[in-house]
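Each in structure tokens, the structures are laid out below.
Okay, so chain A shows up in both of these, paired with chain B first and chain C after.
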Partner chain A sequence: MKYELQLKNIAEGFRKDVENLSQQKISNCYQCGKCSAGCPVAYAMDYPPSMIMRMVQLGMHDQVMSSNTSWYCVSCETCTTRCPREIDIAKVMDTLKIMAQAGSYKLSENEIPIFDWIFLKSIELTGKIYELGLIGAYNLLSLHPLKDIYPMGLKMIIKGKINFIPHLFYNPSELIKNIRMFKLIRKKDRERIYEKNA
Partner chain B sequence: MARIGVFVCHCGTNISGVVDVSRVAKYAESLPGVKVAVDYKFMCSDPGQNTIIDAIKTHNLDRIVVSACSPRMHELTFRNTLERAGLNPYMVEMANIREHVSWVHSDNKELATEKAMKLMEMSVSKVRRSEVLTKMFAPIEKRALVIGGGIAGIQAALDIAAAGYKVVLVEKESSIGGRMAQLDKTFPTLDCSACILTPKMVAVSQDKNITLLTYAEVTEVSGFIGQFEVKIKKKAKSVNSKCIGCGVCVTKCPNKKSLSDFDGRLGPRKAIYTLFPQAVPNVPVIDRETCTFFLTGKCKICEKVCPTSAVDYTQQDELITEKFGAVVVATGFDIYDHSSYGEYGYGEIKDVISSLQFERLISSSGPTEGHVVRPSDQKEVKNVVFIQCVGSRDESKKRPYCSRVCCMYTAKQAMLLKDHYPETQSYVFYIDIRAAGKNYEEFVQRAQNDYGVVYLRGRVSKIYERGNKLLVKGADTLSGAQVEIEADLVVLANGLEPRKGAKEFSQLFHMSSDQYGFYNELHPKLAPVETAISGVFVAGCCQSPKDIPDTVAMASATAAKVCAIFAKEKMEVEPLIAGVNQLTCSGCETCYNVCPYSAIEMKDKEVKRGEVRHVAEVLESVCKGCGVCVGACYSKAVDLKGFSERQILSQVETATMPITNS
Partner chain C sequence: MLKVAYFPGCSLSSTAKEYDISTRLVCEDLEIDLVEIPDWICCGATTAHITSELTAAALPAKSLVWAEKQGLNITSPCSACFSRLKMAHLHIEKDPKLKKEVEEVIGEKYNGKTEVMHLTRILIEQYGIENIKAKIKKELKGLKIACYYGCLMTRPAEVCVNDRVENPMLMDNLVKALGAEPVKWYYKTECCGAGFSLTKTEIARKLSGDILKEAKDCGADLVMVACPLCHSNLDARQPEIAKLIKTELNIPVLYFTQVLGLALGYNSMDLMLNKHFINPKPLLKAKGIL
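And then the complex of A and B:
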């Protein structure tokens, strides 16, 4: 057996925390496995979604947080649509990602959070995606500086699919507004998480 | 002035160990109207009861209070004592100073004694206002109506008839047999369903006490226990009693456009048809909605070929009204329609079939004569996937309950398939195996160990069509692995649900049903076959999903209940029921609407000379004395005998007064 169940953890509020943050009743899961059966990316996950749900029920937070399952979830919501117990499993996966980043867990997956961060930064600063910046920054930060540059990247640049210059806001006040909005959402998110964790 | 006797019981040391019983008795003597008060070790014993009888005689008492245990325990005992002493049996009140005092207040004897005194005093003030009540009797029509000719109805009818009472068995279809007649074999013994069912069906048709009304429906019900008046619609069969069941008409009928519901719509059905070869009665009926003659006025082939000229196109629906003393409702179940499952093909993929369709496929009297072939191309199958819990344990489909039989019949079907075609391979997707029954778990184990059925623990997420195969995408959660199976045939284990129209049907009897439409029993444990309507009993799957042994047991239980009613000359009815003062009744119908037992009738009646008004009247043999009407009545016209407002309020008044120290 890979892990031993800690009875103390079952009693502690990990399941409650996830339930409160995701607004989903995870204790409802009766392990039918329909989510795992339909998941298109389950082959890459170290645990299928149904097992993650069970681990959350049993308070196995170290294992859940160190698993790559939530990071590999593509939010296609097949599991959510078909769950006979009406749990929004994709939302639970999002919640687990948020909790992993907010807590001091060692993330099992580094590149996906980096991509997410750059993606959001791009939208915060330009209001839309700046492709070249996204690709460049992602390649540098994930330590694969030449990934997909040749031949795909080159071809796309030649065909004009990727612009060198970002599309900026026409009006600088829009930029300030946008940054303020992001700040507010981040603050609210943090409050929500810490409040629930406290 | 009432002459009251108070009798305080020690109950060994059960009461006297905590309560100072002699003080209670002494206090009783000081109360107005109390002529004698004694305490004794065991009031319910013979010497104790004799003490009461002696006291009644010597002190000329007309009512008593027994301060002892719960009335549930010994009220009847003391009523009988009063009867022996020549008093009205309803002139006794019990003050419960055991369960309500000594057993719960052993830590404070002083206060316990005071509470016992108070409870006794309250009973004294109640009994002071007691009125003489007389037991009531109602006549019984000793004929039973059984609705539904499945195995439940058949069993109930046979058992009631065996006791010597007349039974009318009403069946909607043209033959009795019900769902069980559709099955091929039964679990866990794998004995042939028809072989054990048909003897019973024949027994029904041959029993002198049973009147069989097939192709008939109950349309209207009125009355109450002992006196139900039921309207039954006998649909026109278009074939009269001269029929000898030769079946020539069915063979010659050119119209096979419609599909047989009995065969799960897998095969054609003629316009004149019998349900199956062993049908009872073996008389065909004409479906007027599809018959060429009734649609176009031409054809009449069945009439020409009939050797006894039994075909009669002029028959009309007939409405008969009959009286019954008791009713057994055994209307059975439908299987869940899986067309709401998009991931399983909305019921549109031909080779995804329901469990009942599989039963017909593998049955030798079915549309393929026992050959399991794909409905789409009639080819033989190799890989078959069974999916359990379709329309069961599924909150998103509003069917959160377990249908109880699917685990077992899926194992059975997988085993039958292997028996018929040893080269096939079956896969069963399950969530949990529920095999709670005699030899059930062993049966499922046999399927896995001896028949090589592969059990995979997980719900199937999607079925795709690829070429002429079905791709079943599932998972085994025990190993955490996904699995894709190329299947030739997928069999869904459809859950059980009430018959369509079950809710409307329950309204005929004012029976209550749960949110799915299953009829409610009176008590889930202690009254599982009774309903809230006295004289109406439920058997089989119309109450909840159950297997054949449970259904048969339940049907026999209803028969016992019916016979218990019929065994009496007249029905004895407790007089502790509601009564309406029609002079003050305003006819607002509130009590009529709230009564859970439909024991109230609204009538136009002459309440005073020359004044006809719309007023409520209590059906004495139906009322259970629950008192809902009393609380609901705006004009305080309803009162409960034995618990009248005067009695209860005087009790409350006594409870609020301090104990007068004497």
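And then the complex of A and C:
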């Protein structure tokens, strides 16, 4: 079957959204494939990074947003470092994740958003990461309650590498300031996404 | 005397205590003054920049502003924290809108006068290899070390000042100065899968396994790292990885401050070598270092 690619069939809005939010010129990509060649996780992705770039150019939002590619990006920045067109591809992957979490698309990944939510809550309430709480809550919510408990977790506890008590702010007013800061950030983030949709 | 603001990061107060202890010990010995930032908050790590650009910039900005007020440069031994601090600085500088939002959120002005440097650069570049050489008490003769840089210390190119992105030599030069032999190998800057250690563990195991296998094949006695996340993947997950790839690995993984500490004459208790999953003591004893 002959398929002719025509400008009028391309959903340009999606590419523009991604370009605006990531501030990267994705239309510059000329498909050299360096990003896919260097990507350590390309073997596990539905589409390698260079293909995602092309799909964004062509406005294929359903395929891009339902693929696991952006969620499997490990943020090692190899693609960004090697891109001859100076596109920050790792940042584009971040943007796709942010867009997925903003709610206009169906999430194709559950575990990482759960982990992120617990992680940021820990920073909000204690200022630092409370490992034991993070691992415990993540294991429960992701329905793998015994993951990494034995032998690694146990051995870490024996070696004194895990703190039982969370770090706390020395100064309680810092805690209030911190919670207020997170609230403000959430408000600003909502405005940002709204601006994009407007 | 060098004086610099110190951002230890969350890992260094729990899973990587030995990195914190050895860092402070070595810096005291070399008379580098580390001023810990009071009530510092987490840099946000990978989580922040995959959920919101503003969070990723605002969290490190708090520490940067504090250091700026004191007139100090800022350092972190953790590659991930270093990368977040540096990237936040670069992003805020590049994007005036983001800068305005960050200032609004943290309630303070951001001038961007502070330089962010990884601890390796403070020790090896600023303090200087020649000065370190003068302090050596015990040469690490006969030890073959694979220097593992990982991702966040060297990438993207903007954070990798005065070194080659694809083939960094900073730690190799240190190892040579300490009398040991840096191994030539090809996985120096490959990713260990740090961000996926808890969520997509099978990927972290595969990537770390490749690195350990390569180090072993190139004849390394031990792997030297400068990041607590690389360390926990290469060391604490090493028994699982060995089982998975059905190869006996048994390569100790040491922090670069611990290797430096050994050359400065400290013993295994001082440097907390007993905290590692893969015990480095038999190897070091066989080489006559401990």
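To be clear about the criterion, the second predicted complex is superposed on the first by the 186 of 198 C-alpha atoms of A that agree within 3 Å, B and C clash if a C-alpha of one lies under 4 Å from a C-alpha of the other, contacts with A are read in each partner's own complex, and residues count from 1 in each chain.
Everything that follows uses one rule, which is that a contact is a pair of C-beta atoms (placed from the backbone, for glycine too) under 8 Å apart; a residue touches a chain by one contact, two chains touch by 3 or more.
Model, not experiment: these values are computed from the prediction.
Three-chain overlay on chain A, with chain B and chain C fitting side by side and no clash.
In the superposed model, C is the one of chain B and chain C that contacts more residues of chain A.
When the two complexes are overlaid on their common chain A, residue A:I176 makes contact with neither chain B nor chain C. Applying the stated contact rule after C-alpha superposition, one finds that A:T78 touches each of chain B and chain C.
Shared-chain residue A:I158: touches no atom of chain B or chain C. Of the two partner chains, neither chain B nor chain C is touched by A:L143. Touch criterion met: A:S50 reaches chain B, while chain C stays clear of it.
Of the two partner chains, neither chain B nor chain C is touched by A:I10.
In the superposed pair of complexes, A:A42 makes contact with chain B only, with no contact to chain C. Closest approach of chain B to chain C, taken over C-alpha atoms in the A-based superposition, is 6 Å. On chain A, the surface patch touched by chain B in one complex and by chain C in the other comprises residues 78. By the touch rule above, chain C contacts chain A in their complex via residues 10-11, 13-17, 38-42, 44-55, 58-59, 95, 101, 104-107, 151-152, 155-157, 165, 190-191, 193-196, 198-201, 203, 207, 236-237, 239-240, 274-275, 277. Every residue of chain A that touches chain C in the complex is listed here, in rising order: 23, 40-41, 44, 72, 74-78, 80-81, 88, 90, 94, 97-98, 101, 111-112, 115-116, 119-120, 122-123, 127-129, 131, 134-135, 138, 147-148, 151-152, 155-156, 159-163, 167, 169-171, 174, 177-178, 181-182, 184-185, 188-189, 192.
Taken together, the chain B residues at the contact with chain A in this complex read 343, 389, 393-397, 431, 457-462, 473-477, 480, 482-483.
Residues of chain A touching chain B in their complex: 28, 30-39, 42-43, 47-48, 50-51, 78, 82-86.
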